[in-house]
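Letters A, B, C and D name the chains as they come in the text, with residue numbers starting at 1 for each one.
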């Protein structure tokens, strides 16, 4: 019988070792597996390379992992947030390496790792500073850059519901990087609000089939989601967004 | 207001012209848009290049299109079926060109076209006759072949339900090539059993978002699915499979 | 200041040019405001890079769903007909040319349509690119929405960008507070002047040789 | 014929080696039979290339669902826990190395693990490859299940394949009606003899220098 559920969240991340490469799902707070990250902090691994779209906000989750000095390098598209003070400080003090990847190339490189693609040609970033050092190739009159797969030792992902086979569904825009990261890591661990009996999830609506998942752990309602102000965004000039009730001052014309 | 529903199935395929490249969804009969193909036959386009996993079975759908002499070339992975007599004859008589593509490369090339990938390196078919003429490249100690996107003028797809925005869900293994073909054609036409009001389809379970779809047309219950014997398979030696009730003689040890 | 449109006026002007049924991505910052001015009864389907089509406006206070945000990480809502998908699918949608239009902010736009909007190149800044480069090269049309001048009074329309590029030759039109510009093979052409702004003023402010769009041949020239 | 296993016996023998919880693709033809012999109570999750995990056995007569078929286009059923996905995802699953095991038929297997199972190279045959090449290079282990000899009496285990290849060096084990063979750096090693078959007989039938697997070092040598 297959049972991928882990009763203790620390067991689910226990094998993450010093120097590991860890993918962390989420876009801002949505989909960020905060409880798994907390467990990872407890377990004690350090010198980690983190692959994630952002570099954490506020004082919890990925931000806390960085604050605790566990991260050596971040591969991401958008580290700069209103509340990314922990990343900002570590980066400015030179304690953290940053590899900046355009968001679409980040996603496609992760997908390529999971799908066994050796490399692919992307049109994104041609002619920009982020194209430097990359192989250029003209195909049908358009220039592309050669991009390589991004793999990880472990992926930590936030889902909504899972069953004991490791089938996972997500919630709204919290889906984001979860489904592709699940395919690109040697070990994939998913936290969900709830574990449901096998056969409960609609087979037509399962987003991550269990084949990509090694451990699922139920964390209940994620109360931290509603703690404090709902922040994390930044405008084009890097200025903080205020909380969402005040969108009028946010969507402004600068 | 957006309304992609076509009342008359012939209107949905009217712009398919002489010499067009047409993707046709389906794996065997599952997901094959038979009604759309019938309409295409009525409309009269010929000299078509067809991209489809199989080359039709029995006397309807893609098989009938071939029988009517409308097809110049087939790009597929597995033309040989128990009941692919129309393809077989046209091919043997030299009336039809065949480009054989391993199924995974076929799928990934279609996806690449839809996702704006210039080309990609695939490990499939290395060292086989199907690698001939392709660029080889070693990446991290493994050999890959360069594969290019496969595009079409039109994709004809069989789904289960759609709404007026063109959002589509599929049914079981009839999903197969539909979602990727929808992304890879200039014009995508989907036949469904039923068109449902906007907002009825679960946003978490929509497989093909309407952005990829130009026309949807309701065809009701597909009675042809249950016409005649359920055949179409072939064993490793190319011998016909008999109907499914007699699996005992099919799954045999040869 | 009657020589320029205010931000709402500009957002309304941009919105008026978006056809019914278009699939549109609104970049973070000013472009977000366009959503509030789409013509009533028209269905424009908004894409957000973090995995959604059919994005609705900001929720009522107290109805924030932390799992439902836009690319700027602001709370949004879901319209009937919405669909969710993962990040590789979302960016495949962009890169594959399926979006009709994307509206972005800018630091600079060159007369050949180069866009600079992700970095001012200052050495102490923390670099962040997000989805800007994918959007710039992916959508069928890329419109820029911005003030014509920086706070320091410099023109954002330039001969050649001095800031690091986001995309090459990707911008097709620029909506500013003083005028609308098409990017043509002959450089910027003024499509529409706002308020009391004149062509000569624009030439002075930008230092560029500007022409008026020849309406009869707009469609040919503006791409 | 007590010198070889019958097809059910062989399918049972293969099934016994599949661990609980494995993700397995059964090729069309003989390998399909393995599904009927999986140990009771073990959960082996079957993948079918046309977009499904958690595939169940053939339906009862009269319960055929034409939208629910396997790679051989035979009617199958859905187990609780099943999931559907499209073809690019299905083959990404294979190519990305996520399947533990794939069991294929063969025309020939070489002593270096090359597999030929899609074409006999006869000029009048209609070529068809399907997913064979993707499966061959994708799964963590590729087992072949076949008669040792062709109907004409020739060995399917060969020094070098003469038929067109499906994949290079991909086969890790071969289950035949007379013996089980591991593909090792030193060629085929006999893992198990069936019925009255002897090593000498196998050497005669195949014309190959065969050794017995050294059980103590199997795990090291057989990959």
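Worth pointing out:
The criterion applied here is as follows: a residue touches a chain if its C-beta (ideal position, glycine included) is under 8 Å from a C-beta of that chain, and two chains touch if they have at least 3 such contacts.
Predicted model, so just to flag it, every value in this text is computed and none were measured.
Here the chain-to-chain distance from chain B to chain D, counted in touching steps, is 1. Set side by side, the interfaces A-C and B-C show unequal numbers of C-beta pairs in contact, with more at A-C.
Greatest centre-to-centre distance from chain D is found for C, with centres as Cα means. Chain A and chain C have Cα centroids separated by 27 Å.
Chain centres here are Cα means. That of chain C falls 55 Å from that of chain D. Mean C-alpha position of chain A lies 37 Å from that of chain D. Contact of a single residue of chain B with at least two other chains is seen at positions 108, 111, 115-117, 122-123, 170-172, 203-204, 207.
Of all residues in chain C, those touching 2 or more other chains are 78, 84-85, 88, 91-92, 94-95, 138, listed in ascending order. With chains as nodes and touching pairs as edges, the resulting graph is of another kind, matching none of line, ring, star or complete. All chain pairs that touch, listed by label, are A-B, A-C, A-D, B-C, B-D. On the side of chain D, the complex with chain B involves touching residues 6-8, 10-11, 27-30, 32-33, 36, 48-52, 58-59, 61, 64-70, 72-75, 78, 84-88, 90-92, 94-95, 105, 114, 117, 119, 124-134, 137-138, 145, 147, 164-168, 177. Residues 108, 112, 115-123, 137, 139-140, 142, 144, 148, 169-172, 202-205, 207 of chain A are the ones that touch chain B when the two sit in their complex.
The residues of chain B lying in touch with chain D in their complex are 27-31, 53, 77-81, 84, 87-88, 91-92, 98, 100-108, 110-111, 122-130, 170-180, 207, 225-226, 230-238, 241, 244-245, 247, 250-254.
For chain D in complex with chain A, the residues that touch the partner chain are 20-21, 23, 41-43, 45, 47, 53-54, 78, 80-85, 88, 91-99, 138. Within the complex formed with chain C, the chain B residues making contact are 1-2, 111, 113-117, 163, 165, 167, 183, 198-199, 203-204, 206, 209-212.
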